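Have a look at the structure below before the remarks.
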Amino acid sequence: MITAAVVGAAGYLGGELLRILLGHPAVRVVRATSERLAGRRVDGAHPNLRGHTGLTFRPMSELDHYDVLFLASRHRETMRVLPGLLGHADVVVDLSGDFRLADPELYHRHYGVEHTAPGLLGTFTTGLPERYRDRLRTADRISVPGCMATAGVLALAPLAEAGLVEGEVAVDARTGSSGSGASAGPENLHAERSGAFRVFAPLGHRHEAEIAQETGLAVRMTATGVEAVRGVQVLCRVRLAEGVAESTVRAAYRDRYRDEPFVRVVAERRGLYRLPEPKILAGSNFCDVGFAVDGPGGEGLLVAALDNLVKGGAGNAMQCVNIRFGLPETDGLEFAGLHPS
Amino acid sequence: MITAAVVGAAGYLGGELLRILLGHPAVRVVRATSERLAGRRVDGAHPNLRGHTGLTFRPMSELDHYDVLFLASRHRETMRVLPGLLGHADVVVDLSGDFRLADPELYHRHYGVEHTAPGLLGTFTTGLPERYRDRLRTADRISVPGCMATAGVLALAPLAEAGLVEGEVAVDARTGSSGSGASAGPENLHAERSGAFRVFAPLGHRHEAEIAQETGLAVRMTATGVEAVRGVQVLCRVRLAEGVAESTVRAAYRDRYRDEPFVRVVAERRGLYRLPEPKILAGSNFCDVGFAVDGPGGEGLLVAALDNLVKGGAGNAMQCVNIRFGLPETDGLEFAGLHPS
Amino acid sequence: MITAAVVGAAGYLGGELLRILLGHPAVRVVRATSERLAGRRVDGAHPNLRGHTGLTFRPMSELDHYDVLFLASRHRETMRVLPGLLGHADVVVDLSGDFRLADPELYHRHYGVEHTAPGLLGTFTTGLPERYRDRLRTADRISVPGCMATAGVLALAPLAEAGLVEGEVAVDARTGSSGSGASAGPENLHAERSGAFRVFAPLGHRHEAEIAQETGLAVRMTATGVEAVRGVQVLCRVRLAEGVAESTVRAAYRDRYRDEPFVRVVAERRGLYRLPEPKILAGSNFCDVGFAVDGPGGEGLLVAALDNLVKGGAGNAMQCVNIRFGLPETDGLEFAGLHPS
Amino acid sequence: MITAAVVGAAGYLGGELLRILLGHPAVRVVRATSERLAGRRVDGAHPNLRGHTGLTFRPMSELDHYDVLFLASRHRETMRVLPGLLGHADVVVDLSGDFRLADPELYHRHYGVEHTAPGLLGTFTTGLPERYRDRLRTADRISVPGCMATAGVLALAPLAEAGLVEGEVAVDARTGSSGSGASAGPENLHAERSGAFRVFAPLGHRHEAEIAQETGLAVRMTATGVEAVRGVQVLCRVRLAEGVAESTVRAAYRDRYRDEPFVRVVAERRGLYRLPEPKILAGSNFCDVGFAVDGPGGEGLLVAALDNLVKGGAGNAMQCVNIRFGLPETDGLEFAGLHPS
């Protein structure tokens, strides 16, 4: 069995990692850290794990050595603790935003503070199997992309890689409340957040930089919090290159994702679920991608949806680790999602 | 114009008082206090009031004298500030729980602390027009009942007063999240509270004591938080006295509430809204009451619904003040509620 | 008193018209038609109106003559009944989409059928007080715009009229479920619609044509159903003309809407409600508009929000009628909206 | 591999059966029937199954012979088709209400029609492993209990079996909208059902009879639809027998369910999830049960929660079939549920 530990295990991403790891046939989670809840039962913070684990949270100081160490701690904190943790595992997987951007100036612009470990920037492989599967087979440091970035990149990649789009891309992202984490402030008070259409990042959301970095496109991004706990959906409005028709777009998606276990192309002509919809993805590791286009050389609307805590975080991390350790890529990630839900 | 001030105006009940007062034809709100937000615009905390007021919050120390002073401060805090505020107004209306119970021991049992102004207990008129309209015409201290208590009392009163029920009453109350207030803790984080069926008071909710005090019945009460921002619904399971049939029950409700401007009897034979439903009451001052009964001497289920911030708080307070100052009872409270919503 | 009748009064827009009319100080609603529910009480279909009206639905054949007749019947049906109803009122106000577009070919493209009364197209004044107040003072036929169109036009008008934007506008609209009406099909089944992010019109929603017609801009529109019953929000992504800075944009909005009773400019630097949010607008007649801009000549994101049944329909119609009959423009429309809700 | 077929596979219970069967290591689903959707892809009706199956719906007339046949057709229809299907499988599992009650008169009272196959009543084993595991090992006809009945029985059984409660039990059940099925009428229109507190069965819900039949207690039941798609919670108010204290109650639950793979005792002293909560059970096969008691011989509130489509239907059916075929009881049912969700 591969041994694993989770740092920052009391948060929502940490809980989701634990859920996935506890159901994994070949990995055993042996340590979960939280400074705040040290000594308390893990299933107190994550009640869905009752009956699945007897683990208690421990402080980071009690970490030993593991095959793989997941960091689910917060942005800005992670860059401070990660350097001291590299020796505790063969493979380190970071789910925070701290090691996603290669350029410390971009980091400063988007996270508002100086990076405290700039020398480590650029030493991480981007944890996106659909683009970096080969590198991930040998990667010892993996940085999992942001939830909206993963959705945006997977929506855009087939067309961007094939040169089928031109000019600037407008990305409209919508997200549930769990992305803000378990220790969020008044903005996530139920009475304020319930039923909201909150345009919290009208221009320049930080995942914009990740999408641009991955796709090479000029990206303009807006983010809105809508009523949901889990779920991210991004709409990318693109201009198709001259002569590019719907059949070309469809073929590009089909070809690009034919062998991907966790990307489905959803662009149907009828039904209530014609385009990707987060509602049916809660708990699953799928990123569904789809499109509507206007006619050759016209406008295209690309849509992607995922569960921000799974394919947008913990599930994606698990998929990377499965690749890294030569395990079946779907291990621990078989849950299909629910309908209705 | 009658002048009014609101203490604790930054909270949800305070905001609702301001909304109602700003639309009132005969009362002018001239002061709104908040220690935390002193100096800030009122419509910053209550964005629905944009364009309706230019008031800023002021500290309590800047209170003058008003015709009526509403206290929308918290339980346990209110009993400390109220004695010092009695001189600032002809009429004081308290929306907290601190002066509802006549007995300091009951207060201690339900609020967990000693009452700091026990001498004032019992000097307040209960702010329930349907029971105390006459006393309210001359009352200078009014204590508005709790939201679930108001619903429970209005559901039970017609049968209790007429001796049509026997034995113990089981009250099952359900409530939205706004009852917990604007400064609530992690229990009201959207991701935790959304979609909840949270049995937060399995036995002995504190409004149990108020209902018992008002109806003279033995009351057992359970409270559950369900998905809603506004809204309270109570179900009262009763045993009908011998020979009491549905027609008697219906007549008792009709007679009791015939002239009440804000109580509607809702007990229909078909339709989606056969029994009282908070969903259509948001913003309105109605308490709808209804019933289903089993046959003579059988079981009865009594149902009441209201908006916890309106008839369960600010609207009820306004109705009491209208009565006290001889104004039309519906002034400021004309909003019908929305369907669908 | 001005007399009014409502055709198609059993639907959601019809119910909202009745709610507003029943609270209006100078208009008396004397007839409400529904073929399906003829003979049934109005408050059976609209339970929020219990205690406010004893009206029953009547068939259209029983219409007399009124000062004003509102049509809240469906798209495609309205064009068939409206010609025969023109003689029943001095002023006819249509809330359907059938008389909004001046061009019968555009109608055919967007509604999928031939227009059956093409000769009447172009004889209606657009029911948008913020643009046509003067014409509305004497208009006898008024066509109220679509809910998303109203939001889009009010967001874009200040910049479009002043020539501050260039090129194509991308409109991303989000809507609650009540826009689909009270007789909707499986797509509005709660289990399917709840929590949805449904991109039901990825390209070319029919309100696109209305916005283009009103603003003279090239408009590309996408529409998504999100979790809400009431509420529309539109985001308009624009390119600012050279040299146009935030201060110019802000001034354009302020100047344009300074005297409007139902448009508020909401573009704040902090708080949870910095940009327009439908959550606090349910039941109110406000359309809030706001913006974020990127720097001179950069990108702008314009945001508008409203309640689709009020400013996006019945409330807007009432405002037009107030203007037409020389009444105070806010009569019947004073409700401020709720926070929280 | 064990072969399975699902009749009525287009509905919500049918879809849930397919989801579970498609992930089962030892059962292969080879037929899914729907008359209405015959010829259409299964993943068109159940979009969460995209990528998991290529099955199309077939009419019932094309059924062959299978090891196990699940009936997920409607109440009242099932009794008509089931007799003709008994020959198509070694084991028949019915998820409808038609074969749950042993007494045809009780059936008539609760389902409003005469039973058309009264001779088969009483030939089914109740599909509740926690009570009938031994009989299920050899049962060829299994009738899975109703969702609220399962919750009620599992909450009450430990105390009822041990004689720890006395007198009548008042059951207050709350349910999400998916229990009404995929072809529901206007009562499940999103705009009407969203945010509802709908007391649809104030007295005498039909699951009352099932709970009484299983526990031998006198049961009075009320059912309310609240805002949720999945999820059932029941509260049972009981009178404890003389001298019965909390420790006795806790021991009774612990002992009764110690070895049960899908019942967890949840009765904690702190935290947000102290008592059973459906919110964290979506997709899981757990029924959580808990309690609060008042003191020796006092009142007890027993609480149970489950996902109505899983432990309240398809998952419970799967668990019974696992037992019947000697498979590990948790096969296909490993999903832990999500937090937050």
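Labels for the chains are A, B, C and D, by order of writing; each one numbers its residues from 1.
Definition applied: a contact is a pair of C-beta atoms (placed from the backbone, for glycine too) under 8 Å apart; a residue touches a chain by one contact, two chains touch by 3 or more.
Model, not experiment: these values are computed from the prediction.
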From chain A, the most remote chain by mean C-alpha position: B
Comparison of B-C and B-D by number of C-beta pairs in contact, larger one: B-D
Mean-CA-position distance for chain C and chain B (Å): 35
Whole-Å separation of chain centres (CA-atom averages), chain C against chain D: 45
Separation of chain B from chain D, taking each centre as the mean of its C-alpha atoms, in whole Å: 38
Residue numbers of chain C (touch at least two other chains): 12, 178, 182, 186, 191-192, 194-195, 229, 277, 340-341
Footprint of chain B on chain D - complex, ascending: 170, 172, 174, 186-187, 191-192, 194-199, 202-204, 220, 222, 224, 226-228, 231, 233, 235, 237, 272, 274-275, 277-279, 292-294, 299, 301, 303, 305, 340-341
List of chain B residues in touch with chain C within their complex: 12, 15, 19, 22-23, 44, 46-52, 178, 182, 229-230, 264, 266, 271, 273, 277, 280-284, 286, 288, 334-341
Sites on chain A touched by chain B in the complex: 12, 176-178, 180, 182-184, 186, 188-191, 193-195, 229
